[in-house]
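Once you scroll down, you'll see the structures, which are given as structure tokens.
Each of the two complexes below includes chain A, the first together with chain B, the second together with chain C.
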Partner chain A sequence: MPTFKLDDREITFNPGETIIAAARTAGQEIPHYCWHPGLSVAANCRMCLVEIEPAPGQRAMMLDVLDWDATLGDYVPRRKPKLQPSCQIVVTEGMVVRSNSSPHVTEARKSVQEFLLLNHPVDCPICDQAGECKLQDYWMEHGQFGKRMHDEPVHKPKAVEFGPTIVYDAERCVMCTRCIRFMDEVAKDPVLEMRERGNLNEIMVAPGRELTGHYTFMVDHVCPVGALTTKDFRFKSRVWFLKTHDSICQGCATGCNTHLDVDPRENSAYRLRPRENMAVNKFWMCDEGMMTYRATSEGRTVDHLVSGQVVTSDTALKEVQARFGGTPPNEIGILLSSQASLEDNWALLELARTHIGTKHVFFTGAANGYADDILIHADKNSNRNGVKLLAPHAKDLHELIQSVAGGVVTRLIVLANDADDAAVAAKLAGRLDTTIYLSSASNPFVSEGRGIVFPICGWAEASGTYINQHGTAQVAKKALEPRGSARPGWEVISKIAAALGFTTGWTKLKEVRGKLPVTMSTTVAE
Partner chain B sequence: MLQRTSYLTTNYDKPECWALSLYESTGGYTQAKRVLTSMTKEQVIDEAKKANVRGRGGAGFPMGLKWSFMRPHATKPSYLVLNADEGEPGTHKDRTIMELNPHSVVEGCIIACFAIGAHVAYIYVRDELHLSKARLWGAIEEAKKKGYIGLAPFGVDYEVQVHVHTGAGAYICGEETALLNSLEGKRGEPRLKPPFPAQVGAFGCPTTVNNLETIAIVPTVMALGGEAFSKLSGLHAFNDGGVRLYGVNGHVKTPGVIELACGPTLNELIFDVGGGVLGDRKILCAIPGGSSTPILLPSETINAPDPAHPMHAFHGKSVFDVPLGVDTARHMGTMLGTCCVTVLAEGTCPVLAMHNLMQFYRHESCGQCTPCREGGSWLLRTVDRILDGHGTMEDVNNLSDIASNMMGNTICAFGEGTAMPALGFIGKFREHFEAYVRGERRRADARLTVA
Partner chain C sequence: MQTLGHTFPKKRTESVSAVPVSRPVKTFATQSYLPEIVKGVGVSMKHFFTNIRDMIRDERPDPVINRFDVGITTIAYPEQRRLYPERFRGVHRLTQRADESVRCVACMCCSTACPAQCIYIEAGEYASGDSRRGYEKYPVKFVIDELRCIFCGYCVEACPCDAIRMDTGMHAVPYDSREQFIYSKDMLLSFTAGDGKQESENTRHEPGDATHPGVDRLHHH
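This part shows the complex of A and B:
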């Protein structure tokens, strides 16, 4: 691979790459605001300026500037080399680039930082971005100066509603145009533009439009400062109270990689953000996906129920013994879920096949929905491929209700949240009074209040594996403590097995995961 | 000695000088016809190179060399774009050509299109120049009727169309890539370079952008031959050839535009063309070529004791007595720019003059890049405070710092166009700024006019 020199390091690069991108791959960040690895190059912030040594035989372009020398009482002329934006300049073999090692670069960074803060309101105490703001980070690194401009800063519109989800503060905006470019290039809806001129510039929504669609939250995440905020997260929490966990979006079969931000003090989630994965979601996520963090607390099943009454775990297990004891194994069916983790599905399948000894395996999940050619998949299940891998011959809900109607299946163990056919699910609930529900959230199966309900952990409360549309197995890590009496599904299944007189042999996540038919790079044929 | 010429301006003071009949009576369109019927594009570019025409838009880039960068694209057409935005304060030469000799522009378009392989020329005219637009439209109509432009100019199968496109009065749209954006109906913001317009220009196609005067002089170049044209200049040895329009304005008795062989001195322009300073005052300073070029003081001299130095011949002379050209101006620490000199008379206030310019730059910055967007306005506000008597010595010190940090750090040359004059004023007139801080002067007494 060709190499170039960045400060004192020899760095390899891919031909055609810019300096900033090659440096990033090599783990060296060149400070920047407007550059984003997933967007076109605007080179307008000028924070990434570097000094490039002229090619052999060429002279450096020099500029004449003046320094005031107080002791001399006169101006001293100085020549400085013309710096280049590292986000725009493509690396060439043998190029010598000075970033942190050039005093001219240090000076330029400090001055860009000062320019950006001239008219900034510095309202960090009430700004949601504080704590994860590039203006703050770079001021600590390249600034640390007092304000030299003593005039009133330029005032611009504040708290402008761009649409149902996003609020804009023009005074905080650094005019990097990332939001404009994101809407144009990724969301394919060029609804944002810049208006006015000079330091009166501001971002605007196209006349007659609002900022709407499936990718509005992303403008908040591409904004390097606090100019764009989501109404959902605005004023809800200080980011330094939040702890971030790697997760996987449960919104559809794409399986976008996410950061789940939770407040450990109150065991609740505040925000779901995209996590870079070039093979899956690059840097992006959709709005619907980001809003799924709410499912970690809303509508959760947190109690054991027997016929609608809250009971203890022991009572529920005793009820299992009483209602299922003595049933011929062949009359027991299980219903897997394309929304549940591979671990939970595997445990239930293992219980049915190895211990109980029944062949009646069914599956369901959420119904199909909206799709686009950006990220959003029509399959609203996070793990359909996982269920397919475990039980390729599992039957659907319609076959289940036939089996129940025909008296073939008389007892059912359901691992489910949504049903791809809610009407069938409701009918089923009416037919069976001897059902075990492993449930993390209220769903059409348990609506009748019949049967025995075991609360299990949702995706944020237990580490789980999910296989996305392309057959990639990905892990959503545990981010929250289980709510109420919820426990991981595979653990509950082990206890139910014991109540039925079987010993499963697993008590730890490690033991379950070790038996899964996947590695983290498993690819499942479609 | 001033070398007056009259190639572009022969007919300037005749009645109806913009009409086709008058233009043809002095040899108009014979060169376009000759080029199209008897020359190859390589031959035309060769003549253009020998003519040493330095771009008249401000940067002084050699015209022939720029033309030679044009390569035919496999699928895309090529364009010629004329820059007639003429927004630089103190610059008023292109409009005289459009108003008084519009056919030289049309004829220049035919020849230049042929040389660079374009079939369409866009003339981007500042919208406020209503008479200029009308005269260009009139000339285009006349040339069309005669068959000089259109599908087959002079019967030759080489289509040339000429269109006038109006801007909306933004100085930044004179920067060639902002102009291209504006031409395409986009926000007038400079583009990143590379790619240069010769690769990706108007509508993504190979494009040559030239100043309007650069193209208007082309028929003269072809009539005289490149070398003979270049030798008209006093700066032929500096590869700065031919004749061009010079302007004088500000505190002179007879401001105006005049055609001269390249290389007049500032003193010649001010006294022989401008008739001397108003009220016969002394010269405070001169802005040599549009507001973006740093000021010169009569007390400044050329320091080139080394006989090998290209400026050695002028060693020890006042910068006001050195021939003004693209490269000689650079050696004086300024730029030739647009060749329109603005004179400030003694007694007027350089702080107020800088304030005036900074107001302009603050207002006209596109605001795309940080140093220009923020720095320009900070400069203005600082000078404003100083004038108001609220400034401190720290404010005065800040001025050179702000401008030095704008220099070279921006997307387009607007940043330097703001910083260079700022450094000029503060570097050469610091004591005037300090006088305001010390309360020795008041804004109310400051003047930019000579009563």
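This part shows the complex of A and C:
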């Protein structure tokens, strides 16, 4: 691989790469606002200026400047190298680039920073970006100057509603145009544009339009400053209260990699952000996916229920013994969930096949929905491929209804995270003698109220593996403590097995995960 | 030769010197008990009437200034109170603007700085049409748990708006139940400074105030 030199460090690069991209791959950040690895190059913020040494035998590009000399009390002529934007210059073999090591570069960064902050309102205390703002970060690194302009700064529109989800503050905006380019290039909906020039310019929505669609939240996440904020997160918390955990979006079969930001003090989630994974979602996520964080607290099942009455875990297990004891194994059916983790599904399948010895394995999942060719998949289940991998011959709900109607299956163990088919649930509940529901969410299966309900952890409360549309197994880590009396699904299944008189042999997540027929790089054939 | 360590004092050999205490002389008058009672009550009555006289004439000696002259170190709290130092950190208050709205912008700097984590804030946005919309947020809820508070004053230091102050001069009052120590926003807003003021010491030109420069995109100076 060809190499170039950045601050006396040899860095390899792919031919055609820009300096800033090659440096980023090598783990060295060159300060920038307008450049984004997933967007086209605008080169308008001038923060990424670097000094490039002339090729051997060539003269350096120099500029004549006047420099203030405090001792003489006058300007003195001086020459300095012409700096170049590292986001736009393509690296060549043997190029010598000076970033942090060049005094001209550090001076330029400080000046750009001062220029960007000239009319900035500095309302960090009420700005949601504070704590993760590039203006703050770079001011600490490259600025730390006082304000020299004592005039009233230019005032621009504030709290402009761009649409149902996004609010814009023109005073905080640094006009990097990342949001414009995102809507243009990734969301394929060129609805944002810039108007006016100089210190009057501002981002605006195309006349007669609102910022709508499936990718509006992303403009907040590409914004390096606090100019664009989502109405959902606006004023809800301060980012320094939040702790970030790696997770996997449960919205559809794409399985976007996410950061789940939670407040550990109150054990609640505040937002989902995209996490970079070039193989799955690159840098992006859709709005519907980012809103799924609400499922961690809303509509949860957190109590053991027997026929609609809240009971203790022991009572529920005794009830399992009473209602399931003595049933012929072949009358017990199990219902796997395309929305539960691989661990939970595996544990239930293991209970059915190895211990109980039944062949009635069914699976459920949410109905198909909206799809596009950017990220959103029609299959709204996060783990359909996981269920396919575990139980390739599992039968669907219609066959379950037939089996129940025909009296083949009289008792059912249901792993139902978000099965939203109320009609099916009602049909089943009327026919079955008894059922066990393992559920994290309150859904028709649970609210039907005739079975024994065990609350299990949702995707944010227990570490779980999910296999996406391309067969990639990904882990959503535990971010929150379980709510109420919820426990991980595989743990509850182990207890139910014990109540039925079986010993499962797993008590820890490690033991379950070790037995899964999948490694993190497993690819399942479509 | 040099010695290391301690040199112990020599054992005291002389006898301990002490002042002999004079014992009360047991006369018939003391032994018969009643005359002494009358004398004692007389002393109490003398102080009682002196105090009543001073109170009526408003001449009671100051317990701080005159305590060495008259030997009084007690005060009749709560009618009488000692002077507090000017920077005494009392119970918090939320300052008000000229229009009596809350000055706090719900930035949560105080709850961030608070080592006892006793401040809970829920932020809200001014309604559309309000001149402060976009410039500021405001606390929908602002709750201080005065039981948890350690009165360190960090919240006051952290506040960028001079919205929270501890200049009320009030103690944390003992209550009957824990709930009473949870001070809500309205309660904190109703407290005044020691001198009765509800405003902040530092006036700012807020958007929406008459004194705000009011320049915007179309109105330059």
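A few remarks follow.
The criterion applied here is as follows: the second predicted complex is superposed on the first by the 521 of 526 C-alpha atoms of A that agree within 3 Å, B and C clash if a C-alpha of one lies under 4 Å from a C-alpha of the other, contacts with A are read in each partner's own complex, and residues count from 1 in each chain.
The criterion applied here is as follows: a residue touches a chain if its C-beta (ideal position, glycine included) is under 8 Å from a C-beta of that chain, and two chains touch if they have at least 3 such contacts.
The model shown is predicted, which means the values in this text are computed figures rather than measured ones.
Contacts of A:V154 after superposition on the shared chain: both chain B and chain C are touched. Judged by the touch definition given at the top, the superposed model places A:R265 against chain C, while chain B stays out of reach.
Contact with chain B, but none with chain C, is seen for A:K80 once the two complexes are overlaid on the shared chain.
By the touch criterion stated above, A:L63 is placed in contact with chain B alone, chain C being left untouched. Once the two complexes are laid over each other on the shared chain, residue contacts for A:L200 go to chain B and to chain C alike. When the shared chain is aligned, chain C comes close enough to touch A:D169, but chain B does not.
Look at A:P125: by the touch rule set out above, it reaches chain C but stays clear of chain B.
Which of chain B and chain C touches more residues of chain A: that partner is B.
In the overlay built on the shared chain, the residue A:R234 is in contact with chain C alone; chain B does not reach it. Put simply, chain A uses residues 151, 154, 200 to touch chain B in one complex and chain C in the other. The touching residues of chain A, counted against chain C in their complex, run 123, 125-126, 151-152, 154-160, 169, 200, 234-236, 238, 240-241, 265. Across the interface of their complex, chain A is touched by residues 105-109, 112, 117, 123-125, 133-137, 160-161, 213, 215-217, 221 of chain C. Taken in their complex, chain A has these residues touching chain B: 41-47, 49, 61, 63-68, 70, 75, 78, 80, 82-83, 88, 107-108, 111-112, 115-116, 118-119, 148-151, 154, 174-175, 193-194, 196-201. Touching chain A in their complex are the following residues of chain B: 170, 172, 187, 192, 333, 362-371, 373-378, 381-382, 385, 394, 397-398, 400-401, 403-405, 407-411, 416, 423, 426-427, 430.
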